[in-house]
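The structures come next, written out as structure tokens.
Each of the next two complexes has chain A plus one more chain, namely chain B in the first and chain C in the second.
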Partner chain A sequence: MNEKKRSLLQNKGVQSLLASLLCILAGLLIGYLVLLIINPAGAWEAIVTIVENFLYYPSPQAQIRYFGNTLVKTAPLLMCSLSVLFAYKVGLFNIGAAGQYVIGAGACLYCALAWQMPWFVCMLAAVAAGAVLGAISGALKAYRNVNEVISCIMLNWISLYAVNVLLSQVKETASPYTLTLSSTNPGALLPSLGLGDLFQNNRYVTLAIPLTVLVAAAIWVLLEKTKLGYELKATGFNKYAAQYCGMKEKRNIILTMVIAGGLAGLGAAALYLTGFEQWQTTHSSIPSMGFNGIAAAFLGGLNPIGSIFASYFIQHITNGGAYVDKTMYSAQISDLISSLIIYLCGFVLFFKSLLDRRLARQAERAAARAKAEKGGESK
Partner chain B sequence: MMLLIQYTLIFSSVLILVALGGCFSEHSGVINIGLEGIMVMGALGGALMMKLLPAGTAAPVMILLVVLAACALGAVYSLLLAVAAIHFKADQTLVGTAMNLLGTAAATVFVKAMNTAADVNNVSSIIQYIDAKRSFLVYINGFEFNWFMAITVLALVCSWVVLYRTRFGLRLMACGEHPQAADSVGINVYKMRYAGVLISGVLGGLGGIVYITAGVSEWMFENGVAGFGFLSLAVMIFGQWKPARIALAALLFGFFRALGNVYTGFDLLSSLNLPSALYNMLPYLVSLVVLAFTSQKSRAPKAEGIPYDKGLR
Partner chain C sequence: MEQPYAIEMLHITKRFPGIVANDNITLRLRKGEIHALLGENGAGKSTLMSVLFGLYQPEEGAIKKDGREVRIKDPNDANDLGIGMVHQHFKLVECFTVLDNIILGVEPCRHGFLQKADARKKVLDLSEKYGLKVDPDALVEDITVGMQQRTEILKMLYRDNEILIFDEPTAVLTPQEIDELMEIMRGLAAEGKSILFISHKLNEIMEVADRCTVLRKGRYVGTVEVKDTTKEELSRMMVGRNVEFVVHKEPAVPKEVLLEVEGLTVASKLHSNNAVRNVSFSVRAGEIVCIAGIDGNGQTELVYGLTGLEPVKEGKILLKGADITRAPIRQRSTGGMSHIPEDRHKHGLVLDYTLEDNMVLQRYFEPEFVTSAGFLKRRAIRAYALRLIEQYDVRSGQGPVTIARSMSGGNQQKAIVAREIDKNPDLLVAVQPTRGLDVGAIEYIHRQIVAQRDAGKGVLLVSLELDEVMALSDRILVMYEGEIVGELDPKTTTVEEMGLYMAGAKRKGA
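Let's look at the complex of A and B:
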């Protein structure tokens, strides 16, 4: 192996990318094996369908239209993954992104349907609601030493039931779904900015998509280039050291959860204010968006820019799962694949240190050889 | 009233079993967030066994086989955590979360595939076990005694004895408090941690089958176990990682969970006219409040969540 290749492999970014690609490949492979076990006849076709997603449609118009739909659902996923990522950088595991997303959905839909607010107010309401929920977990962690994972899970369920009750007041009389925004309050729909026309008049493609990408960039700047970001990360590494340096570690923990919660809440607004989905007030399980956010955050190598691509990939296969042949397989096969990917992400650290160790050994050996050759010449 | 006691006892049994599982795992030094997924897998194993056994199977055989199936599948599934956390030094919270998602997804895919294979039009993720469930019930004066309650008491006593009165248990706890010290006197920390996680898999799997048979006679696997694994972790924390206290904590939480099932039977409660969602919320709300007051003086094993590294000795 030559020097150039070795230094490239030592680059942390390249390592993360390699590890993520490996996780994806392994996840897809295991998914394929599961399909084979269930029914060998259509397994290959099914896995191809999942990976193809919108390319499944023959006409290019339909492909572009459904590509738009995948993007519409990528926006909230990206927000959830940023929420998880941001908290993780500060040493907190925000499994509550799911609940913050749910409460955000409740807040924005209630503002839109019951109070006829314009879209930006609804969006702010969603952010605020998510942030408040995050603040509760953060405060419990900072002042009462409650493990944030447990408190988040409890809050997930509490918010699910609360939102179901709240939105039952603005639901259609005959169905468990909330009223549609387009019929009740078109002013609450996110403006399309002409983006919809680019996707064959897909009216769900809105401002939300570029906005979420901008937020991802902003989170990167906040974490890497600002004093606040540095303080937050320092608190995550060692809160006692941070406290010793005069940082307000309790405030930092709460602030982190507020931002993380706000991000997840914004994610909900980015989906529900497009009118793409209505809330089902009989939900008995928490929407998987927040949990998929965990997958996207780790698959993206815990980098905000990486999570843009990772979110897209996760959403791509999740949407693709809807197209598999239902007479043989279920759509949950893509949940299976994405949860496998999260599991495999647990091994990334091990993979990286293994790679580093190998490279270091090789470098050492090369140095020793060079030295030996030199010694030989001088004799 | 009888119904309330009955539901309290059965839900408490679930919480006790799963919390004891968490207790073993954490005492060995591995945080087991994946209990929820383990429960789903155990439930799947037990439900499949109930479905597969012929209708006329004698009750003791039925109970034994179902319990074995649930425990076995739970234990096998917990290996995912053990391997990742002990040998590959993975982030235990991340792996546990992945296991929770994987458990529900895998069980749903499997059950749906099975149902569809039997009948092309059946795309549900439901397993029925109405007849098989009767083997577990004994009626005493209108009280529905469930054999699982007896098994739970047995598990509770065994856990206490194993943890505090055997060499194995004390060594296990040493590995969770100070693994380097344990290793220096010749205890194999890796083996002990494997044992801890596997026991949590067995108990978690058993808890899973108890949970899905508690109130109903069919289960939709898409729903997972509705946060019960996490409630059990809350019970474990509230119980300060000690079996006897865990049992008391579980009774409290079980009571609030049971209230959601039977509140309509009480004139006082139904006259309040509260939405049923409030009762569903209750166990989670209570656990949040309780945790806020009990987490301050945590008796958590000191080395939990930290991968064991021999080099740090």
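Let's look at the complex of A and C:
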């Protein structure tokens, strides 16, 4: 391998991108193999459908409209992935993004439906609820050294059932779903800013989409350009050094979880305040959004900007899965395939370290060769 | 008649990249004797024991057991040869009982079921025979350190080990427990066990050992009969005569008191005793005060207490007259204290940060480097880092953007020294600032420290290297078991005298 190529491969950004692409390919390949095993006849068509997503529709109008739907669901995923990413940069694993997302959904829907609040109040309520939940895990970690993964997982379930109970007060009488915003409180719907018109009158396309992209950029700036980001990352890399130079590492841990929780809460507002989905008060499993956020964060190479694309990709194939031919495959196949691909997305770091080790071995061998040659000369 | 040798280590040489850890060392252990192995930190004691235990393979030399040459490839071979070791930090399973720990790895089984009754009988017999009082059913986490050590000894005896190695066994014991241990060791030797006793406490060696082998800087100094020698002679053999580093400096001109410590007590994380006990001293502007002592006598905890890394239990710390006993670290730092930490990887650097980000670790919050809105002034940081790199000759692959982890230890240390000195402190606390560095870097850092003193700063230097202590200090405080046992003047004292204080053989007023 020549020097230029190697140094390019050693570039962290290039490595992340390569590893992410490898993961996507591996995920699609294994998904395809599973489809082949279940029913070889439709496998190729099904995998193409998944990758195509909205392109499955013949008319350009429908394509754009359904592209809009994918974006609507990308926004909350992006927030969850930023939540995971942000905590990870400070050395914490926020598996509680799922619960913070749930409590955010509960808070914004309750504000909207029970108290008839306008959208921005509902959104702030969601952020605050997620932040409080994050603060609990953060405080437990900082002051009592309770593993944040454990406390987050428990809080995930607590928030799910708490939200089910809370939102049962504002559900439709005949169904387990919450009342629709458009019938109860249109003022709580996020403003479209004319964006809906761009997507063939897709009224779910709102302010949420550009807002979440802006938040991603803001998180990048916060981490890379500010004093706070410098402190938080230093704490994450080496809490002893952070303590040594007088940073308040306990405060930093709590603050990190507050911000991470707030991001996940905002994600919930970005979906539920569009009216795209109603909350189902009989949910007995935590919505996968928060967990997919983990995959999106890693697939995006733990970079906020990478998260934007990774979140979109994951949502793209998840939506695409819905179009798989149900006469050949059972209804769950779409979830199975997309979760397989998402699962493999988690292997980004693995591929990255594999690549690193390969390069290191090559460098070592080159060095050994150089040394051997030099040794030979001296003898 | 000469007793036969149980173990002979002949002309052992073990090299590591850059250093010779053991250089032609010979150690002969007689049957039934207590043989002390004496040397400073880094003298090569641990390496030699690791060779005996099969953890390292020597480049040269041979090991003989009962006169026959053996090859010890790994600790299992050592165990088969009857060599057992009590490590300085016990290797016990905390949530198991004493009995379970003793039989761990050699559990008596029948048809896959544990036969604990036999094991218990054997353990109780051994315990009685050698006076090793233990409760076989107590959980290790509930028993005293002394009983944990007896459990470790029983582990060796249960395995029928003939050669017992004790690695600094008294470091964690109370004086009473030490007396008991000495008694036990004598009993074991009387029963024909051969004991290797690693220590740098002269009193204990004089009390219990038959012979003593001394190492210094990886070399064999000699083996002496303890009854024919004195503490002074052993201490001279251990530390050597010659001060090897000469630092040119003018006599100190101490001025006002900068740091005042009164009755400082700091708790220990390892055991229930306090690590620092009622320590009082002061540091003036324009002098280098050195805390000397053998590793683990409370120096680390003293510095943690001074710099705020650990809370102070009792006592008072005054910096330029202001009480900072409970002040947060940042306040001490901005109040004029700089700290070159003992462990540069743990505390001194964020290894995954770039060199420039590490250079501003103590100053990133100053208006010079951050806007009022909280944004870092990247250009100012770069310029500052470049200046420090230039001025303090910090070498790295890619300059300010080099990841600190990829730099050499010496340059990492130089970066820390640059950062802490350039902060322009009134008081510089430097802990083992030259550990693991090559001669060039050591000289450089020594010159910087003296320059700080000459610029009117106070320097508190903590060092384990006697040469460094002698070369740099204007006053020496010797720490032993958490207390300051002596204050010496480097111009009038000798390394031998200091060694006696360090080993607890002498204390002020005694």
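Operating definition for what follows: the second predicted complex is superposed on the first by the 324 of 379 C-alpha atoms of A that agree within 3 Å, B and C clash if a C-alpha of one lies under 4 Å from a C-alpha of the other, contacts with A are read in each partner's own complex, and residues count from 1 in each chain.
Criterion: a residue touches a chain if its C-beta (ideal position, glycine included) is under 8 Å from a C-beta of that chain, and two chains touch if they have at least 3 such contacts.
Predicted model only: the values in this text are computed from it and were never measured.
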Touching partner for A:Ala234 - first (chain B), second (chain C), both, neither: second
Partner chain in contact with A:Gln332 - chain B first, chain C second, else both or neither: first
Chain A: partner with more touched residues, chain B or chain C: B
Contacts of A:Lys225 with chain B and chain C, given as first, second, both or neither: second
Which superposed partner A:Gln243 touches (first chain B, second chain C, both, neither): second
Touched partner set for A:Cys23, first chain B, second chain C, both or neither: neither
Partner chain(s) touched by A:Asn156 [first = chain B, second = chain C, both, neither]: first
Contacts of A:Asn39 with chain B and chain C, given as first, second, both or neither: first
Which of chain B and chain C A:Val90 touches, first, second, both or neither: neither
Chain C residues within the chain A interface of the complex: 307, 309, 328-333, 339, 341, 346-353, 357, 361-362, 364-365, 370, 374-376, 378
Touching residues on chain A, where the partner in the complex is chain C: 225-228, 230-231, 233-234, 237-238, 240-248
Chain A to chain B touching residues, read off their complex: 34, 38-39, 93, 95, 140, 144-147, 149-151, 153-158, 161-162, 164-165, 284-285, 288, 291, 294-295, 298, 326-330, 332-333, 335-336, 338-340, 342-343, 345-347, 349-350
Partner chain A, residues of chain B touching it in the complex: 33, 80, 84, 88-91, 93-95, 97-99, 101-102, 104-106, 108-110, 112-113, 116-117, 120, 123, 125, 222-224, 226-227, 230, 233-234, 237, 275, 277-278, 280-281, 284-285, 287-288, 291-293, 295-296, 298
